[in-house]
Amino acid sequence: MKKLINKPEDVVVEALKGIEYAHPDLVKVHYEPNFIYRADAPVQGKVAIVSGGGSGHEPMHGGFVGMGMLDAACPGAVFTSPTPDQMLEATKMVHGGAGVLHIVKNYTGDILNFDMAADLARAEGIEVESVVINDDVAVQDSLYTAGRRGVGVTVLAEKICGAAAEEGRSLKDVAEVCRKVNGWGRSMGMALTSCTVPHAGKPTFDLPDDEMEIGIGIHGEPGRTRMKLKSADEITEMLMEPILNDLPFQAGDQVLLFVNSMGGTPLIELYIVYRKAYEIAAKAGLKVVRNLIGPYITSLEMAGCSITLLKMDDDLIRLWDAPVKTPALRWGV
Amino acid sequence: MPIGRDDVIAWLSVYSQLLADNKEYLTQLDSSIGDADHGVNMDRGFKAVLGKLPTVADKDIGTILKSVGMTLVQTVGGASGPLYGTFFLQAGVATANKMELSLADWASAVEGAINGLMARGKANIGDKTMVDALVPALHALKQAIADGVDESEALRQSASAAEQGMKNTIPLVARKGRASYLAERSAGHQDPGATSSYLMFKAMVDAWTK
Amino acid sequence: MKKLINKPEDVVVEALKGIEYAHPDLVKVHYEPNFIYRADAPVQGKVAIVSGGGSGHEPMHGGFVGMGMLDAACPGAVFTSPTPDQMLEATKMVHGGAGVLHIVKNYTGDILNFDMAADLARAEGIEVESVVINDDVAVQDSLYTAGRRGVGVTVLAEKICGAAAEEGRSLKDVAEVCRKVNGWGRSMGMALTSCTVPHAGKPTFDLPDDEMEIGIGIHGEPGRTRMKLKSADEITEMLMEPILNDLPFQAGDQVLLFVNSMGGTPLIELYIVYRKAYEIAAKAGLKVVRNLIGPYITSLEMAGCSITLLKMDDDLIRLWDAPVKTPALRWGV
Amino acid sequence: MPIGRDDVIAWLSVYSQLLADNKEYLTQLDSSIGDADHGVNMDRGFKAVLGKLPTVADKDIGTILKSVGMTLVQTVGGASGPLYGTFFLQAGVATANKMELSLADWASAVEGAINGLMARGKANIGDKTMVDALVPALHALKQAIADGVDESEALRQSASAAEQGMKNTIPLVARKGRASYLAERSAGHQDPGATSSYLMFKAMVDAWTK
């Protein structure tokens, strides 16, 4: 295992320490239970937004804490959802009197732990709404299964809901925006390599030099199918097609196109994929009005990418453009 | 053989040790159809439980088990944290204020625990989860008690039903948990949660039978 | 070779196309010769800043083109410095009447090609100043050798000089700021893995699973020494020590601490390194007043990191904080 | 054996082919002590030269060589682009308006070319660069001409001096170019640029001797 770490069990806390040292103007870090929260929390009268999940997806979620995005983020162990006490304490810390939105990615662990936390917070008199993000078209949607994973749309929802909260919208309205974003967004990912969970010490799966996994999530898990390596253009087509067919997007739609690195894929390759994805979107009659390109929701050092397409209307565009000031996303201020 | 709080603590210690011994094995199973953390999660949780036990060792069984549940909820995370957490919290509810349990008391505490876990996780038999080991183990235990078999033997039958349930998960296509994302590709692999559940029943045999 | 590319010979142009599609509000792309330039170039009366170098270091330099930073960036083939016609055409395109600063990393190829371009531009009547960045303490400085490589300080110099130019300072003054930044900054890097140049198709060097290279540059070249893998804290010490001793920095100095990913190292590990680097700096009596953490000057998908320390004074701090709006760095607007 | 412009073009074609054939070898050498692109750089440049040659094939030797130099400057990049570019530009200066050269004319054109290259790159013999192959090749050529040896033999002696110079780079510690960053670690590896320079002289033998 080749990583810049000390002991596997110290990875999360030492990274938190780094964040604490690096961004005191933006965030504070609470230990035991662990969470990152806005330096100026609680913002009175504003709906607070709390998210969280396993570590290993950086900058998500901790890098998105700050003005215009999250009020708090709860990091679990690597790829392990955080525990209810983290979300409960974070919720109490950032609650500014207008209620708290929990943005939860659809994984059994995240759902169960956030549910417990929400129950506990409500028992303490805090109004909590939870919205579950489940945008991964690689997973068949079904009533009888755990359903689709929450992936790339999470980043977009956190940005957009953060702006809505900043505007002073009510908890109900911010949750509504979140559900709309979730409903209008679709993602799919692929891996060129596995990643290594620090505690496990070896790659989660073995992938021969000429093969790739299509339909992966963000936890280093294998995907839906393994196949021979293909060109960037072919891979981009394989990711875009199920996305385009699923919603379905319609000619004339305005969209945000998000090309994300799984961690180990460098920017130069993302732009090659973006180029093709943009051309496919244009051919489908979609107007790419906004984009995001880079490592924003990652799987440790996994090489690969995911593509997210989010239908936009004027309200969403305005919320996307609104000022944001976090360690990982910053504009307009 | 009444089950005293020392027995409960002995069981928890043995289970912790089994989890430590099988940490890599469980993580390995989770690598194939999950995210390579189940062994690490369970070991972290039960290490914390071991640290907590001395502070409640002089309490009643219900308090001990609830403390285990709370500790797991706060240290494990993932799917298994709230699930095993609920299991122990509910077992604690059923044994509140008890200093000693008959095997039948214990069986009904386990039943309440499993019901709580299933209510939380909404998985059924055949979904390829820990439920596939837990439910057969409970049924075997209840059956053995009803049949009046020797208590040690009852525990052994229960554990072996858990083991069989665990093995039965191999051909299944997962419908719950992370493995469900793999759909057909999840078949052919043993469920890590079912494996840690089997170990829990094996720990009863190891701790309570000679 | 596992990369999201089509043909090796198309990597640079296809990535440029992606940039063109993605950031039309910020930059334009010129092909044959290839360069990226500010969408609003030339900015009349402002000193223009042109940089460039081999591709494979993204976001450097193309991601730094825009308001408050570069006016143009010339990408060569992967790890190959660009040709003089690129720098000449870029220089002519962005020249706004106040002269052009060439920021050149100290590599024989970059120096020779930029020199030729500067001569040609001067012959066409454009005032050109060149500043060479050579901040890599892993290389012994000597009159008889090619000298030290230009690495991390390049990013900082481009940001700071961009702000100085935006303020309306003269070419002489902007070049002076650049030389000051170069004089006040030191860097050192290390690699956990090699990288693969697309055309070469296999890793530049083989590194056993338990070894690392210390003192690497940014072109996938082996470093000064190879040794057994160490912990993040030990590695950070090995990078910080030569940096601290070289300038030397003095107790009480204000510094900018830049922890950079070589491409394949994820953010969570960078924060672990940042944590230790910050503590070492603090122990040396340095006050870390600004920082930058992320993949900014990379070697394709190489895993590893580099650390850069830049002494700051109030002028540099103000220039660092000044608004910047580029694909890869954005704040204050 | 006067050297006509067709001979110059034949030489350039043979050299292009040698570079194409040795693209991976040169890149491999550059992997050990550089950045793994020398073969790719030279091949890209000389492919462009081949494409350009037809447009200048009816011009004088000086024009042909200058066009080669300009093409290399604009397509190779890196250190070798301006260096080989300068080499050919200066060779073109020395042969301006010539339709035919004696071997002595050619030797002095090569001398001008090498001087230009060395003025640009500021490397000397022993710095572990292309200079280590070029300078001995030139000296051998001049010596052979002075000694009045057969022209084919003179070219062969020149190429073999280049080859020896190239091999002599192996033990050297680099002082110029990328390999200098490796300091002592650069010893034990053959310099890629010296290798492509040797191939340039080998191409004269292949193209001009039977």
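Chains here go by letter, A, B, C and D, matching the order in which they are written, and residues are numbered from 1 within each.
In this section, contacts are C-beta pairs under 8 Å (C-beta built on N, C-alpha and C of every residue); 3 or more make two chains touch, one makes a residue touch a chain.
Note that the coordinates shown come from a computational prediction; the quantities given were computed from them, not determined experimentally.
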Contacts common to chain A and chain C (chain labels): none
Chain pair with the most C-beta contacts: A-C
Between chain D and chain C, distance of the C-alpha-averaged centres to the nearest whole Å: 32
Centroid spacing, where centroids are CA-atom means, of chain A and chain D in whole angstrom: 55
Centre-of-Cα separation between chain D and chain B, whole angstrom: 75
Residue list for chain A, restricted to those that touch at least two other chains: none
For chain B, residues contacting two or more additional chains: none
Chain contact graph, described as a line, ring, star, complete graph or other shape: line
All pairs of touching chains, each written as two labels joined by a dash: A-B, A-C, C-D
Interfacial residue positions of chain A with respect to chain C in the complex: 2-6, 11, 14-19, 21-22, 55-56, 58-59, 63, 192-193, 209, 212, 229, 231-233, 235, 263-275, 278, 288, 291, 293, 295, 298, 300-301, 303-305, 327-328, 330-333
Chain C to chain D touching residues, read off their complex: 33, 54, 76-85, 107-109, 112-113, 115-116, 136, 138-140, 144-146, 149, 197, 199-200, 204-205, 217, 219-222, 224-225
Interface residues, chain B side, partner chain A - complex: 27, 31-37, 40-41, 44, 73-83, 120-121, 174-178, 180-183, 185
